[in-house]
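In what follows, a structure is listed as structure tokens, so that the remarks can point back to it.
Labels A, B and C are assigned to the chains in the order they are written; within every chain, residues are numbered from 1.
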Amino acid sequence: MAGPRLAPPTVTILEVVGLSKSFGALAALVDVSLAIHPGEVFSVIGPNGAGKSTLFNVISGLHNPTAGRVLFQAEDITGLPPEVVNRRGLAKTFQITNIFPEITVFENVGVAAQSRVAVSGRPASLWRLPDVAEPVMELLEAFGLASRRDELAENLSHGEQRYLEMCLALATRPTLLMLDEPTAGMTPGETRQATELIKRIARARSLTVLLIEHDMSVVMEISDRIAVLHFGEKIAEGPPEVIRRDPRVIEAYLGGADT
Amino acid sequence: MDYVVAVLLPQLLHGLVFGAALGLVALGLTVIFGLLGVMNFAHGELYMLGAYAGIVVIGVTQSFWVALVVAPLLVGAVGALTEVVTLRPLYRREPLYGLILTFGLALVLREGVRQVWGGDMRRILPPVTGSTPLLGMTYPNYRLFLLAASSLLLLGIWLFFTKTRAGILVRAAVQDAEMLDGLGVNVPRVFTLTFAGSAALAALAGLLLAPIFTVYPQMGVELILLAFIVVILGGMGSMGGSVIAAFVIGITQSMLTLWMNPQRVAIAIFGLMILVLIVRPRGFFGREGVLE
Amino acid sequence: MSLNRVLGWQATAVFATLTLLPFAPGMTKYYLLLAFDALLFGAVAMSLDLLMGYTGLVSFGHAAFFGLGAYATAILLERGVLSLWLCLGFALVIVGLYAVLVAYFATSRRGIYFALLTLVFAEVVFTFFRYTQTFGGSDGIQGLPPPVLWPGMPLDTPLRNYYLVVAYLGSAWVLCRVIVSSHFGKVLVAIRENEDRARFLGYNVPRYKMAVCVISALLTGLGGAIYPGRAAYATPDLMLWTVSGEFIIMVMIGGLGTLVGPVIGGAFFVLLQEKVSSYVDWYFMVIGGVLILIVLFMPRGLFGFRHALRGRPWRAPA
């Protein structure tokens, strides 16, 4: 594990300031601002098409914002490419499972962990293969995948692949973990288990978690604070018990239920 | 003024004529790319087959005009068969396999033609002779016919893709074949027919150009690279872009031959392509996402 | 990393056999030259496998790397610079410069675009040499003297050239093995499997692609650079894009992502061409047909395993 970082002289770890993103005429995000504190679990919810995934994509470097800034640990990371954002300590999982299908579970997590070894990106990486077995196995055990280590990733069950997805992100030793609907497609039982696991691992690794989630039971259970997006705008922010009673939120969900 | 009429204008027309025919070839290539994600290496061989099928049909019927209808149909049928037998099994696989497969197809078709008809250069006589006074110069009638025919075809294809249900289906399939499948459209049939159509277009171009150029087994390989460049410049998968790029390349090549020998022209065309890619990495009309 | 661990006893046995091959009964100059070609193109196919099999990039322009290497040697030999080492060094510089240029443009794009850009760049090189009279135009550079390994040791016999190609294959093999077992090699596989995910794990994917492109090009160029010693010429036809296609066929026959497979595939291709084309002139129809069947029915090639990379330990090198 990396040594503890020096805490930056702010109470926020991730700050999103006036972020807007348009695709042509479609405004996916409109002037969204958020401040996430170290160590908390912060959820972003909203009806379909509210701009949640766009928000993640802009923060993680996939898209450039039309306006606004993203600050991570008090540094401006707006518009940096995904690999640079990741190296700053911000890892992301994907809504649609995004793993390396035709190599083993161990090799999947291994290549993720290798990205943080000293020789990575240097000429010596051409002939050296640093040992990452220990952190990899530690992660696999935490997610109950240790016995599946030599299985090809594509042969895992859906739930296992969701876990592998999280292992990949965690193996890059992030300080902030962004989870895009981690329980998508899971059964209620699996969802409950996954929620517990995320909570436990976040605490054990003193992670900050930024979460997009559809399942309200998960969100209410796990979050310290919640922001609600509706048509690209932030309409509410606060702790679960406040959000639960917020009339604008209720209306957004009822009115926004266009499907 | 004399220089303009005697040298520049004919050369410009040559370029237009060639550009139009090149547009027919590139259009088929770009549609197939949009649809299957495969750059068809055998497209040049379908173009070459068009000319040979034309020779056969002319031999039987003594009519260029009959050949102009029958040869593309024959090659279209070859295209449909090829698609069903070789490309259809690859739909769900990495498109690079399709690319490699079409390279194999090109080898088989090219060498097959050499076995059947031999490697000699052949000629097809133009069905229209003489020339017409035009803007103070005279220009061969067949080339004028070629320009008119190609332009009409391009217009027809444009109408097909914008006005007919079938054309709109194909464009929809280029956008999102899975969604089309969900709507109950027989997507494999759309693919096969489109491939056949693209083959027929290539064949038509091959036969139309045959009276100007010569017919030999390598003629496809020699054209396909130019067609690739046209498709890349047009922004891979963009139909309008391909047609415009075809005219740009046709005219540029034709005009440059006034001042350079053909070899330099070839290098200049490559240079042009690299330049365009530096300025516009996705070509004239390439959209974000098509290649990503 | 000990050589034994990289090579294993099988490879050691193979190289021992190759070393002794010239003393096999019935070995003539003709067969030695044939063996030269088989091993040379086997090694070239192996270099291409780094791109195709491990990184998932299909280059349709590898003939240009090979041809440039050959021309680099030919140009020096023609001007009386006979040292093999100077020729190889010059070839590495020329091929390397060109490879960086191609890789810069081609690796910013994926899949088909990469294939097409490498193809078009190769065609520029082909056209340049085909029409530049300084380098002999379409005839290329002919009648070259043999390069000299060290003073008094010209590579003027098939036997000496044969040992040169065995040394080339051996070093290329060791290099490729080391690379694919390294951290770098694991990242290449990750890029092949899922390029986007690799980026989100902090890997600068275009830079990795560029690096592997240049490595593969240099290895191929080295192969080209030893070719004039055997053939005494370098012609533009070495750079035809259909030759690049043949390299791809060699890899496909042998099996993607195995290194060994493409070596066998390349050798097989050369031997088949030599044997079949002298009897039947529809050789390329056969080869085209074989390629189609392989793509359709055994996409990992004749000698490819489906999961060639499976179960390799992630331990630190001793």
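The definition used in the following text is that a residue touches a chain if its C-beta (ideal position, glycine included) is under 8 Å from a C-beta of that chain, and two chains touch if they have at least 3 such contacts.
Predicted, not measured: the structure shown is a model, and the values here were computed from it.
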Chain contact graph, described as a line, ring, star, complete graph or other shape: line
From chain C, the most remote chain by mean C-alpha position: A
Between chain A and chain C, centroid-to-centroid distance (C-alpha), Å: 43
Computed distance of Cα centres, chain C from chain B, in Å: 33
Chain A and chain B: spacing of chain centres that average the CA atoms, whole Å: 47
Residue list for chain C, restricted to those that touch at least two other chains: none
Contacting residues of chain C [partner chain B, same complex]: 56, 58, 105, 108-113, 115-117, 119-120, 123-124, 127-128, 130-131, 241-242, 245, 248-249, 252, 281-285, 287-292, 295-296, 299
Parts of chain A lying in touch with chain C, wherever the complex brings them together: 60, 81-83, 86-87, 91-92, 94, 98-104, 106-107, 110-112, 114-117, 119-121, 125-133, 136, 150, 152, 168-169, 171-172
Chain B residues within the chain C interface of the complex: 33, 37-39, 86, 89-90, 93-97, 99-101, 103-108, 110-112, 115, 221, 225, 228-229, 232, 236, 263-264, 266-267, 270-271, 273-274, 277, 281, 291-292
Residue ranges of chain C in contact with chain A within the complex: 1, 178-179, 181-184, 186-187, 189-190, 193-194, 196-205, 207, 307, 309-312, 314-317
